[in-house]
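In order of appearance the chains are A, B, C and D, and numbering begins at 1 in each one.
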Amino acid sequence: MPATQTAILLIDCPDRKGLVAAIVNFLVERYDINILNADQHQDAQLGLFFMRVEFATEDPLCTQQSFREAFEPLALQFQMNWRIEFTETKQNVAIFVSQYLHCLADLLQRHQAGEFPCNLSLIVSNHEVARPLAEFYGIPFHYLPIAPETRSQTESQQLALLAEHNIDLVVLARYMQILSPTFVQAYPRRIINVHHSFLPAFVGARPYHAAFARGVKLIGATSHYVTEHLDEGPIIEQDVTRVSQNDQLPSLIQKGRDLERIVLSRAVQWHLEHRILSYSNKTVIFA
Amino acid sequence: MPATQTAILLIDCPDRKGLVAAIVNFLVERYDINILNADQHQDAQLGLFFMRVEFATEDPLCTQQSFREAFEPLALQFQMNWRIEFTETKQNVAIFVSQYLHCLADLLQRHQAGEFPCNLSLIVSNHEVARPLAEFYGIPFHYLPIAPETRSQTESQQLALLAEHNIDLVVLARYMQILSPTFVQAYPRRIINVHHSFLPAFVGARPYHAAFARGVKLIGATSHYVTEHLDEGPIIEQDVTRVSQNDQLPSLIQKGRDLERIVLSRAVQWHLEHRILSYSNKTVIFA
Amino acid sequence: MPATQTAILLIDCPDRKGLVAAIVNFLVERYDINILNADQHQDAQLGLFFMRVEFATEDPLCTQQSFREAFEPLALQFQMNWRIEFTETKQNVAIFVSQYLHCLADLLQRHQAGEFPCNLSLIVSNHEVARPLAEFYGIPFHYLPIAPETRSQTESQQLALLAEHNIDLVVLARYMQILSPTFVQAYPRRIINVHHSFLPAFVGARPYHAAFARGVKLIGATSHYVTEHLDEGPIIEQDVTRVSQNDQLPSLIQKGRDLERIVLSRAVQWHLEHRILSYSNKTVIFA
Amino acid sequence: MPATQTAILLIDCPDRKGLVAAIVNFLVERYDINILNADQHQDAQLGLFFMRVEFATEDPLCTQQSFREAFEPLALQFQMNWRIEFTETKQNVAIFVSQYLHCLADLLQRHQAGEFPCNLSLIVSNHEVARPLAEFYGIPFHYLPIAPETRSQTESQQLALLAEHNIDLVVLARYMQILSPTFVQAYPRRIINVHHSFLPAFVGARPYHAAFARGVKLIGATSHYVTEHLDEGPIIEQDVTRVSQNDQLPSLIQKGRDLERIVLSRAVQWHLEHRILSYSNKTVIFA
């Protein structure tokens, strides 16, 4: 009995008549696939089409390589941005963290509980405080301190580590350093950050302090892809919780941690499950 | 230039290989349609497939009648439950109400603001209190008082009114009478009720009193299709809001009214836009 | 049997030892009151104390005038900002509205349902579209069109109307004109506006468009007191709802209307029940 | 300079005129205290009064023992249930857990981050799986397996452990065994459980399965004090999250875990901060 493999096809392109039929027919005729899930989205304003198809096939010839070659003519015809991801290929993930451990502890526990289909390859930090937690969960820990004068040198070390481990996704779990444009460009739409405010409110440093000063009645957190423009990348997920005058700054920060954990973990999971398409500084979430 | 019409095809059937391709190819080859939106859902446990396709066509031959005939063979082959709805056909809606007017006032204002693509054909009530509001918005109002001994007679009058106006959907906007099985069976999955609790908690009468007595920290409201089993029909939408010890019964009831308005109006809109599929006492919402 | 009257005492002042005892003892010894509710709040950072006491008394000598004189020495001693409000005195409210009627319709229905303890004295608009609704609910309607060259003249007419009707509170229910500093200063902390965003995100015009462009995953609405700085007054209430890629601009605007209705009506109710203290561009809500 | 200590006075009693003044005057005159926070609540229906006063004093004579004696006459006069808690006295907490570790991991991380003012004295489990986590955080772990025939014997061992460590609070962090009435009565209002549904919906076993079968649109979790009646104790906190047809059972369970963590941790924190008063199978939360 042939092995079944599942894969995810992600497409964005100009919206054109016949597009869905062409894609579906290709899949069925070429690889005798079974569609497990198909989601599509149109941006009517921009005339764009987005699709995510999760399918199963028993065809041993349906490999990453062969699929790429076979699908390319159709992709060219419809001017597609596209990719194919086979779910048996586990992605490699690196987590960057500084001194606050709540997001890291949460990610590690979720990974252990099986929520994330990935290898946690390494944890990088500019402090030592996360080392015991990393070691408890058996994830290699790399302490790379950052000083102003050695910043670019440290970043080179970080990039070398990522390259060495074939990292697919970098998760900034309250990593309090700003990445250089060089770093960001090396991992386009593959670096996820959590910002502790409801963006675009309170960009920049100390957003809880700013929220407290403004007297908002809800505080938020935002996970987003990192771009060269700080706190301006495509938003993946946001959530909020209610605060009142009883919440002085410490309690506001504590409530915020719950939000940070949730929006970051959702973003990581959706990314790993290939549920996010990003365009025009927005995201489409096929959740 | 030919007129464009849009239609919605709704399907549920056993999940089978080739299903999506067969449906898409039928639409494209037969009527040269343009898919505006396509959503599908699988219930893996039950092996069921659900689909909603919204499409546009300029083919003047694509009528309700011709489509039905043309699609039927495919539907038979895949054992589909299905229907086709043309969006130019406005549905006729009747609202039933008793003495609380907040849901009615909300529905009328939303209809006037263009949120509901339907004709509001009539308002039926067992009290006179809603008449001025109905008249203000120009909707025919029918006062049909209910006494225990004349209940079945009144229900016949109600059903006659609904038949006379070709009513497609009955909305119970805090209508405090129980409909007979005969009535319910005449409008399967076409009667929407709002229950003032987070079902299945607090079924039956006086749910706010029960919620208050139990000391819950959130109160809810639920919109659902009416079946012969009171408060047990397929749930369409639910929402909750936070309460505390500061909320005595009256404030709890007032907060609940906001929820009732919202879950009922969402259910009505989704039904009118043919976004709801119901099976196995659940709903699939293509929102 | 003497009549019982209830009153609300609102205080903010520097936090000092003995404050609560001094206030409570004054009330009990002077007017033999019964405390119905007492809430207090400290801002530890600023060293401020806030209190709301709702009390009942049968003492016929406890009048607005006599209370003011009797309490003043204590108030001076503790440097209090304070006021006393007797609940039998109904406040007079004016609603300003432009062309969107959803907030107005909602406020009128709530007032009719008894949610607001106030007189709705008048509705002012720069358009005629709200007139039928005002007349249906029996509220005097004043059409005062606004043209650039007559703006200050119209504002004088508005202020004259407010003065003539002894207006205590002005509610801007999607009123799309900016009030002059003169107007705002005439009603400090007595003008409530609803802004259709989660402030401070998306200040200024067309916030839904801005939210859509930024690709946020939640949209919000904010009710706040109006100050001379547009969209920067003390926030009273905020709420949000989830949006996705399926929400194009019109659906995002529609979802937002539900939020606007809710945050505005809560703010109005809290203000009328004397539950809001404002300081340092924030609000304390004794809800 | 004398040391400052802070304490919390919790009272519930029949509502009577003069109550607040009597309490406040006692505190001020006897111990020259400074009120840090005072919250009160009335249940108008039942004629009950609830109060929480957090105060600071430099009086070295204000000890648990002396306060108890000094306050008792007033307490008798007003028929109070009351207690005084000095914040320098850290409570001892035991966590019971079975095989799901997400709540335990969360509680341990929060404790480490300083969110809980308590000693985590021990972790008790009927499985070995939690041992590494307990040891990582340095909390003594006791493996007490449970078999039907040795159940009462094991429970005696558990109670002996709790007694030996002077445990003040037992937290059931997804502990899947039912406690006997004897156990429950030994720790009245001092055992907190998390139930993975929005109570009173889906009492009993497998609530996520029941919620899935009913087709609800929101799932919930509830933290509550344990009483002899399963899932019927006073509710402390509840929260919900949205689900859709895309959430099959595993994803529903995963989303639920986020709720469980949050409602349980809030309950534990509020209990430790003496913010909960329980009466008539409800709770008053002074948050």
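Following the convention adopted for this analysis, contacts are C-beta pairs under 8 Å (C-beta built on N, C-alpha and C of every residue); 3 or more make two chains touch, one makes a residue touch a chain.
These figures come from a predicted structure and were not determined experimentally.
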| item | value |
| --- | --- |
| Between the pairs C-D and A-C, the one where more C-beta pairs touch | A-C |
| Self-contact between copies subunit A and subunit B, residue sets same or different by half | same |
| Farthest chain (mean CA position) relative to subunit C | A |
| Rounded Å distance between subunit C and subunit D, as computed from the means of their C-alpha atoms | 37 |
| Chain centre separation in whole Å, for subunit C relative to subunit A (CA means) | 42 |
| Multi-chain contact residues (two or more partners), subunit A | 246 |
| Interface residues, subunit B side, partner subunit C - complex | 101-102, 105-106, 109, 112-113, 115, 132, 136, 246, 254, 257-258, 262, 287 |
| Footprint of subunit B on subunit D - complex, ascending | 41, 43-45, 50, 198-202, 214-218, 220, 234-240, 244-246, 248-249, 281-285 |
| List of subunit C residues in touch with subunit D within their complex | 17-21, 24-25, 27-28, 34-40, 42, 242 |
